[in-house]
Amino acid sequence: MIVDCALYRDGKRTEHAGHWRDLRAEAVRGGGFVWIGMHEPGPEEIREVAEVFGLHPLAVEDAVQAHQRPKLERYEDTVFLVLKTLWYVDAEDAVETGEIAMFVGDDFVVTVRHGQGNELHTARVELESSRKVLSHGPGGVLYAVIDRVVDEYLDVVDELEVDVDEIEESVFSTERTNDSTRIYVLKRELAEVRRAVLPLREPVSRLASGTVPSVPDDATPFFRDVADHLARAAETVDSLDSLLSTAFDAHLAQISVQQNDDMRKISAGAAIIVVPTLIAGIYGMNFDHMPELGWSYGYPFALLLMAAVAGGLWAWFKKSGWL
Amino acid sequence: MIVDCALYRDGKRTEHAGHWRDLRAEAVRGGGFVWIGMHEPGPEEIREVAEVFGLHPLAVEDAVQAHQRPKLERYEDTVFLVLKTLWYVDAEDAVETGEIAMFVGDDFVVTVRHGQGNELHTARVELESSRKVLSHGPGGVLYAVIDRVVDEYLDVVDELEVDVDEIEESVFSTERTNDSTRIYVLKRELAEVRRAVLPLREPVSRLASGTVPSVPDDATPFFRDVADHLARAAETVDSLDSLLSTAFDAHLAQISVQQNDDMRKISAGAAIIVVPTLIAGIYGMNFDHMPELGWSYGYPFALLLMAAVAGGLWAWFKKSGWL
Amino acid sequence: MIVDCALYRDGKRTEHAGHWRDLRAEAVRGGGFVWIGMHEPGPEEIREVAEVFGLHPLAVEDAVQAHQRPKLERYEDTVFLVLKTLWYVDAEDAVETGEIAMFVGDDFVVTVRHGQGNELHTARVELESSRKVLSHGPGGVLYAVIDRVVDEYLDVVDELEVDVDEIEESVFSTERTNDSTRIYVLKRELAEVRRAVLPLREPVSRLASGTVPSVPDDATPFFRDVADHLARAAETVDSLDSLLSTAFDAHLAQISVQQNDDMRKISAGAAIIVVPTLIAGIYGMNFDHMPELGWSYGYPFALLLMAAVAGGLWAWFKKSGWL
Amino acid sequence: MIVDCALYRDGKRTEHAGHWRDLRAEAVRGGGFVWIGMHEPGPEEIREVAEVFGLHPLAVEDAVQAHQRPKLERYEDTVFLVLKTLWYVDAEDAVETGEIAMFVGDDFVVTVRHGQGNELHTARVELESSRKVLSHGPGGVLYAVIDRVVDEYLDVVDELEVDVDEIEESVFSTERTNDSTRIYVLKRELAEVRRAVLPLREPVSRLASGTVPSVPDDATPFFRDVADHLARAAETVDSLDSLLSTAFDAHLAQISVQQNDDMRKISAGAAIIVVPTLIAGIYGMNFDHMPELGWSYGYPFALLLMAAVAGGLWAWFKKSGWL
Amino acid sequence: MIVDCALYRDGKRTEHAGHWRDLRAEAVRGGGFVWIGMHEPGPEEIREVAEVFGLHPLAVEDAVQAHQRPKLERYEDTVFLVLKTLWYVDAEDAVETGEIAMFVGDDFVVTVRHGQGNELHTARVELESSRKVLSHGPGGVLYAVIDRVVDEYLDVVDELEVDVDEIEESVFSTERTNDSTRIYVLKRELAEVRRAVLPLREPVSRLASGTVPSVPDDATPFFRDVADHLARAAETVDSLDSLLSTAFDAHLAQISVQQNDDMRKISAGAAIIVVPTLIAGIYGMNFDHMPELGWSYGYPFALLLMAAVAGGLWAWFKKSGWL
């Protein structure tokens, strides 16, 4: 589905409305460039676009199929870029992924988006309000899209940082929590983020080095800025991942310590019952001569003795930290 | 055994049938190239082929012996490629491996296949239906074979992804499962896949860089595509492997937690028996003056007391999560 | 807020006082350079400065927002450097972080500091007292600031080394300590330090290689010295981190050993109670012919027997290290 | 001790017998080259050889002392190579190591062997039967020796693979085995192999690149073949090592699971004894009115009750998998 | 303190005695070079030397302060090298560290040593006896010192290898040893060694490449030899470190296995006491009709029964490996 389509000239959106073919013709004739935004296009739609703009079949296949690795390919005059998009779904504490494929030529940009999140509409609106970026032409669009996607990476990473903080608190709380499942899930999500971020670094650093056509030289500082954001995202992910590993180890230690505490608690409890049992056993012996048996208060004495021993043990274990 | 043999000219299979020597002579005379497909050839067969096409003895030895590492070697005019093939056997949840060795010259391709899986027949059929790829000559065959093999890598990796998901579920289920064996087996299979995928990356990237003879320049995008698939396979394998490690750690934590739970359950059970035993011991004492002993309902009272204490403990342990 | 501002000429601070614009004009006219020091400037202040010195908008944005990665960027004539500052808060055994952004041109230096620690005043005073460094111009200021920041890294690392020593002692003491929390916190702080140190190495090595403008050639040994200090900080952090990992493993082993000791202690204690209980049970049997029961000293004999058995067990367990 | 010495000319061993000095003179005069094979030579012997062939003192020292790292050094006209030899001693399931040092000049090869295994006699015999390799001159001898040594690496690695399979079986068997010692020993042996294999890769790849004198260009495919075998050995060793790590983890998990099983078994056994004890305690109470005590069959009834309870518990635990 | 000072000319020590200033003047006038050896010099001493030889202030500061990283710096005509020295103190099984800083110019060498071990006197004596090395001038001294220091690294590593062997034996002995402390200490010492060895590799390889002034070309084989020794030290340290990690894991496994053994021993012991207690309980029941109670030998029979049951259990547990 074609979501939006416009002709940009001299750093602003023109008022031409109409079919994208006409806009394209207009761009070729009078300068400027066309940006066609598609969302999960059908085979017919994409075929038509590919034909008009001369897109390479392999790239088109990749753009349609989704589930690609982030990459930047050059096919003659066209630059083909695949990006993973990420967004954080609060309701499920989960990271969702989508994909954007971009074809960037001298006088056109075609974006193909998969998945629900990261709609490009906001990126387009922001771009249209920034004449400076827009004046860089298709390269400016490239920047605007990558910048927005990478900013969302940073948002997602921030959310995951919060999750890690929560897990940390839970691990070191005195409550008995089974954090291994949450740690596992979070590690899995970090791996997801890493799969989006890491392979994108090489394309962005190529864009920042100014060796990619369609990217004017004075646009490279912008891509260096994006590269820097990507590096920050990657470093934070690595650092969270290693924190989680440490937290997991601490969790294991915690389990062991708790088991030890339990064992001591149980043993103390057992002692408090077993010692009075021994006393009862003693007064259950059948010796002919056992003076206590004949005492009037022998029975209460025995019960008191048991209670005293049990209480003494209790106090002692309490003091030595076993209970 | 020679499985198939044909002369390709102008992007299509010619109708010549006959001995491969005649086809070869025909290719030399009139252009085009011959593709000879062999399956676990005997020493005599391969010797004959090697002689005619001038294959290097070391390469021939490697092709016959199997159990080679994936590699790309150049011997004067001939390119020699070794590939590991992988396929997933559902019945055993296991990954099987085979091997394909290819000799690619200017006017011939010789493929030598070992193992049952990944027959090249389908690759040949597909190739024959794609005039575009076929028109790249021997380089096109090289692409068709590698592409098919790498696609099977991705299939195998997908299957292993499913296996990892199953293990994950099993680890985090409340059932008592001994997952370490399965995790071990899966890690072993991932290592197998890695052994096929990783060493192939360097040859494919050389093919994609256009520095290998027999690969025309306009074929490099195809090899870049394959390189990309390989990278995806490698990344997924790494990511699965590290997930499995995390899952294994979680499994260890689970075992510890279960042991702790068991210990508490056992202790609670013991307390429920031991406390009534103490009561029985008390009423088994031989004091002369124990009023309860003379009560008409002393015995039922004692039994009730035991039952009440046991029940009370049971309820208490239940409430505090020990039972 | 502009904290300090001065014009430096011929290796010393001039006596000009007045608005920074005047100083700048003076520097342009008569040689020398201006150093403007700002602390968490407002948007208006920074905008004004940026305008006068022609600072790149992206750099200004980074300088204002803080939370950047350490980096060195060149924007035409201006060098832009971001540094993380670290200081150790004794009261909390914690590492705090701040940030310094520097713009270095031919005739000016603008420093923008965030956070409480590492005020640059001392760096400025030291610099002013060293004519030699100051005579290197803006590059000398660059060196003075980086040198001071990196020296503080080394101080922080020294403090962390002390913390690791304490943890080590605690882990291997015979006391029952739960060190996993402290180890975790310390690992987190090491990660913080690493995040400041590692990304700074590349900028500093670029400065030391003499390829950055504003850094005169004879200043490179100074930057090589800083690079060396950075390398030392990085190596120490890595080494501490791996020591902590080993210490954590040892802590786990310690927990296991303690659990084992506890279990044996508990079992020995149980045996000391259970064996007398068996004796009491024996003399509680109702056989008609049990000679001991008729003895005058049967009861004391039984009690003594119990005490002797308990004492014997106690001695035996003591000797074999179970108690 | 000089073990063998011969003059090779035109790809075959000449019939000259006599002192090596004469053979050398003959080679200088009439072409060809001399191969002197020494086994743990005395200082006098090696001094003489070094003098005649002009070997560098540092290299000679290394050749005599053994315990060197594998390396390839060039001293003017002479190439000096050190190799570790490995062989597997079945009787002890152990890997033994030796060393070979080679001096390769234009018209001579001197080999110095340490340790018992990998005698070079077979390499020499094989070489003498292969005119093609021999015709490469001293470079051919270099190849023959390295090839044989590396082939033995592969044999050793195969044996270790079998050992790993055995350990794997043992770890996952239901028997209680203490595999940690065996895993440790095997890891140690893998480290030994790695120490022989890894540092040899660089020398062999230099030989394969054709930049070493004494190695004719058309011999490089042979060294590439050796490099490939080395890579295979290194990969297998890495893969075995990481399998062993995983197996060790699984072993730890197994121990935990067994401990858990034991604990449950023990608890079940305890319950089967403790519950009848409670019953005995009840009928040992001294209440005046306990109807069962007066029954004629009270005693057998009580015994039966105990047996029934014990049996019931036994069946229940059996069913729930605790026994 | 200046420890030794001499003028070397034509490969031997001259007989000139006198103040170092005179020797220096003599060297400048008549050729040769001066080697001044200092041990923890005071600020005045070093200042004087620095002035005369024109040493760079930053280098002098590093030489005086000690606690530097190993490094090689060039300051105009002077080469500045920092080395860590290591020695093994048998009495404490500990590795001690010191430091040597060297200034090497065309006609002088200044060595500054910190710490007690590795006195350079022996290096000087050896050097003076080797005319060949000495004839390389200041570069020869550089070699002699580095060679001696690196040889001590190998000695230290050998001692640590012995320590690792001892730990290994202790871990796998059947005795109950708490090896984690020793493993930790040894790992810490390996880290110390690594900190000395690893950063030295780069300087030595630069010296071996012949790109450092003051090192004549024909001296490079000597530095290559040192580089090789360094590589061996580094490899052994890595290998010991990873062996220790494996040993530690095995130690953990051993603890678990021992805990399991203890638990089974304890349970068996408990059973041996608890079953007779049950029997005593049975004969303590108060049924009117219990034939055994009336038997003349009922009491001995009961005792025998208990002993028999206990003995039977003992034998059974013994046989099944629980005791």
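Letters are used for the chains, namely A, B, C, D and E, taken in the order the chains are written, and counting of residues starts over at 1 for each.
Just so it is clear, a contact is a pair of C-beta atoms (placed from the backbone, for glycine too) under 8 Å apart; a residue touches a chain by one contact, two chains touch by 3 or more.
All figures in this text were calculated on a predicted structure; none of them were measured in a lab.
S.K.: Which angle of rotation, from 0 to 180°, maps the CA atoms of chain D onto the equivalent atoms of chain E, to the nearest 5?
M.R.: Rotation angle, to the nearest 5: 70 degrees.
S.K.: What is the distance, in whole Å, between the centres of chain B and chain C, each centre taken as the mean of its C-alpha atoms?
M.R.: The separation of the two C-alpha centroids amounts to 42 Å.
S.K.: Could you state the distance in Å from the CA-based centre of chain A to that of chain C?
M.R.: Chain centroid spacing, chain A to chain C, equals 26 Å.
S.K.: Which residues does chain E have that touch at least 2 chains other than itself?
M.R.: 252, 256, 259, 263, 270, 274, 277, 281, 284-286, 290
S.K.: Please classify the inter-chain touch graph. Allowed labels: line, ring, star, complete, other.
M.R.: ring
S.K.: Moving around the ring in the sense set by going from chain A to chain C, list every chain once.
M.R.: The chains follow each other as A, C, E, D, B, starting at chain A and passing chain C next.
S.K.: Can you check the complex and tell me which residues of chain D touch chain B?
M.R.: Its residues touching chain B are 168, 172, 221-222, 224-225, 228, 231-232, 235, 239, 242-243, 246-247, 249-250, 252-254, 256-257, 259-260, 263-264, 267, 270-271, 274-275, 277-278, 281-282, 284-291.
S.K.: Inside the complex, what are the residues of chain C that reach chain A?
M.R.: So the residues of chain C in touch with chain A come to 56, 58, 62, 68-69, 71, 73, 75, 178, 180-181, 183-184, 187-188, 191, 195, 199, 248, 251-252, 255-256, 258-259, 262-263, 266, 269-270, 273-274, 276-277, 280-281, 283-286, 290, 292-299, 302-303, 306.
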